[in-house]
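Here it is, the structure, as structure tokens.
Here the chain labels run A, B and C in written order, and each chain numbers its own residues starting at 1.
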Amino acid sequence: MSGYWQEIFVLVGINFIVVLGVSILTGFTKLFSFGNAGFMSIGAYTSAILTTRFNVPFLLAVLAGAILAGLVGYGLGSLTLGLKGDYFLITTLGFGECVRVLFEYIQPVTGGAGGLSGITHYTDFTIVAISVVVAFIFAWTLIHSKYGRNLTAIREQEVAADAVGINTFKNKLLAFVVSAVYAGWAGGLYAHHLTYLEPKIFNLAKSAELTITTVIGGLGSLTGSFLGTCVVTLLPEVFRDLSTYRMLLYGIAVVVIITVKPSGLYGYKEFSITKIIRWFKNLSKRTSGTVEKGA
Amino acid sequence: MFLQQLINGISVGGIYALIATGYALIYSLLGFSNWAHGEVAMFGAYIALTLVTRLSSPFLGALAFGILAAGVASVLNEKIAYKHIRDKGSPTMFLMIAAMGISTTYQNGAMVVFGPKFQMFPSMFDVTTIQLGSVSIGILDVISLITSAIALILLELLVNKSKVGLGIRTVASNSYTASLMGININRYFSLVFLIAGLLAGSAGVLLGLKYSVYPTMGNVGLKAFIASVLGGLGSVRGAIIGAIIIGVLETFVSGYLNSGLRDLFTFGLLILILLIKPSGLMGVDVEDKA
Amino acid sequence: MQINGLNKNFGGVKAIDSFNLQLEKGKIHGLIGPNGAGKTTIFNTITGIYKPDAGEIRFKGKDVTGLKPFQVAQLGVGRTFQNIRLFATLNVMENVLIASNLDITYNMLDSFLRLPKYKKEEKALREKAMELLKIVGLQDLVDAQANSLPYGHQRKLEIARAVALNPSLLLLDEPAAGMNKEESVELVEFIKEIKERFDLTVLMIEHHMDVVAGLCDHVTVLNFGKTIASGRLDEVKNNKMVVEAYLGEEK
């Protein structure tokens, strides 16, 4: 694979990991959050500071960033997940902005608004590939287990979920923490890919972009999230001229999708080989059926 | 110094209130926060600015037209996106996602059409200040304070004293029952988006005059969103109170501590209030009917 | 289940006024009364959706007043809703599986690595769900999306879901609403069968008097949050206050 395509793969992979988290949170649990760029930022800065200042091994630093993001997610979620939709949304938005302002303010540690540079380029193809595989399998098995069923139950009908004994608060917290850990993890990889960090990389627009990606790909589908990530990451690479209009197009796309076809590219279903095989079998049956009739 | 800061804070809060009341009105009818509302303010400001600088229209006429354009944009957002989502019976989260999409569209649309730079209105008012004892206030602050006050009083009268206001309150209390009573609820939805848009447009124009016009100036809508949440979603008075609290808090933090920490204090206050009173200062705790 | 002196106010209006109830194990108890009498409010207070202003709810000897809805459910109180609340875009099987999630003991690691424990429990769960669906007669519709089912099937699925929780008390909120005579006769048999099969105690809200007559061992009549009569249906039917409460209601 050429360096260019490796680079693209790394970008898609990192974005996919964050989007998986947002997908679990928004697509499967129906929690709309604006804090995910904030969690990414926590993972990115934590790992970058650990590797540059304290010579901590790269993988350990990324892990530390992901865990810290998860802990902060646990704390924040415990405080705010009891709040209703809009109130919850505004607290996550506030959280994201606060993290940014805070990182700008504590200049001695983070380099402030001027940025943090000199991060070693550790993130390579292999580590991203392994991360994506692990993140995807964990997300897939989580969704296809009682945990995932509890989350979709909350999405579909929260009162009924409660009525069948699901601790909705605890399950929402699970989704929130998982999304925070994924964001922190991706943030760590991103920092050591970019080799340079600025608090404003992880602003509100970044959080919006993550949700936009999930919606374009299709809510309630990990496959959809993958497609969404590919589209959102690759389009501006393929059509360089479009980059000015990039966010404008995504904005319009989201409005159109959510009003006209809320399932996006591939929402509320998953790609599965067995289903495809079954579909082909049925197809051959149908065609052979018509042949018999014809004969 | 203290008094001057206080007046500045109230003046800023007044502008926030113009947008925050729009959030409250729309929430009281539709049960969601239309946080593309700040972008409507930005749109109004750009229209007014373009009329003044490119077409050299009469100043006040241009401002009025900008405000009107914001009102129309607000109604269009409702007609094009929100109405369809409601008609489909989709979850409220879809309305919030649509609002996010609309907000992204406006911001980046403005970026493409007008460019990322900060633009100023030609200075119409000298940078004169009014001296009241030891307090000196900028003339623009006075104008913005008076304008906000008049607009908010008119809004209060409209909602609480007029026949139209009664209709709005009826639809807000239960749109389903209202529709059974033969009230054309969609007309009220449009009307409320229009009023909210006009208020936001006024805020946009005032902000443009006071500071400058730029594509992301609609982020002021977030402050207003916070104000409306702080005051209690759906409560117009709560939104005004919340907006003034935030305006004053911001001015004081910037004045006495560090302007970089402004947002930290605002959000800190918000989270604190929500933890003590989960439905805001003047919100009602409704138990969902199962 | 025993309820003593339950009160619930909404903005000064007494939705439930000193409500008492004693449920006998294995019996079907009816809660009747005109619209707005506070019947659903009682359900919502029992299941923890509303916090009562006064009074005590005991279930299996334990004080359950003020517990959260999921805690009440976990203790063994299943319910259905007046305006059917299924997991609408999920299929029939998933609706039942979700309600049996409490049977599962595997953890996240078991499921991540797909260890034998995960496989065994998931298999057992699906078998149990299939059995339940056979009993309610929805076995051929396991893959159908819940909101695509006809109304009567949706009611049955909601009951199946409540039963999948392994409850000992089942609360049914107007199970016969929107059904014609024929369908409600079938429903009566269905509820009887479910009750016997799963050894349930049932508390139901119902307007259809033939359904009440066909099922309930005991009825409580409510009006404006107050209990106006209680006893066997034929005993309360001719009670003067009951007749007055229903005047103009055409039920």
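FYI, contacts are C-beta pairs under 8 Å (C-beta built on N, C-alpha and C of every residue); 3 or more make two chains touch, one makes a residue touch a chain.
Predicted, not measured: the structure shown is a model, and the values here were computed from it.
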item: Chain closest to the assembly centre - both centres taken as Cα means; value: A
item: Chain whose Cα centroid lies at the greatest distance from that of chain A; value: C
item: Between chain C and chain A, distance of the C-alpha-averaged centres to the nearest whole Å; value: 39
item: Distance between the centres, which are taken as Cα means, of chain B and chain A, whole angstrom; value: 31
item: Length of the line joining the C-alpha centres of chain B and chain C, rounded to whole Å; value: 46
item: Multi-partner residues of chain C (at least 2 other chains); value: 49, 81
item: For chain B, residues contacting two or more additional chains; value: 288, 290
item: Interface hub residues of chain A, defined as touching at least two other chains; value: 159
item: Residue ranges of chain A touching chain B (in the complex, touch as defined); value: 26, 30, 32, 79-80, 82-87, 89-91, 93-95, 97-98, 101-102, 104-105, 159, 204-205, 208, 211-212, 215, 244-248, 250-255, 258-260, 262
item: Touch list for chain C against partner chain A, complex; value: 47, 49, 68-70, 73-74, 78-79, 81, 85-90, 94, 97-99, 101-102, 104, 106, 108, 111-112, 114, 118, 122, 161-162, 164-165
item: Complex contact set, residues of chain B against chain A; value: 27, 32-33, 80-81, 84-85, 88, 90-94, 96-98, 100-109, 111-112, 219, 222, 225-226, 229, 233, 258, 260-261, 263-264, 266-268, 270-271, 274-275, 278-280, 288, 290
item: Residues of chain A touching chain C in the complex; value: 137-138, 141-142, 144-147, 149-150, 152-153, 156-157, 159-168, 268
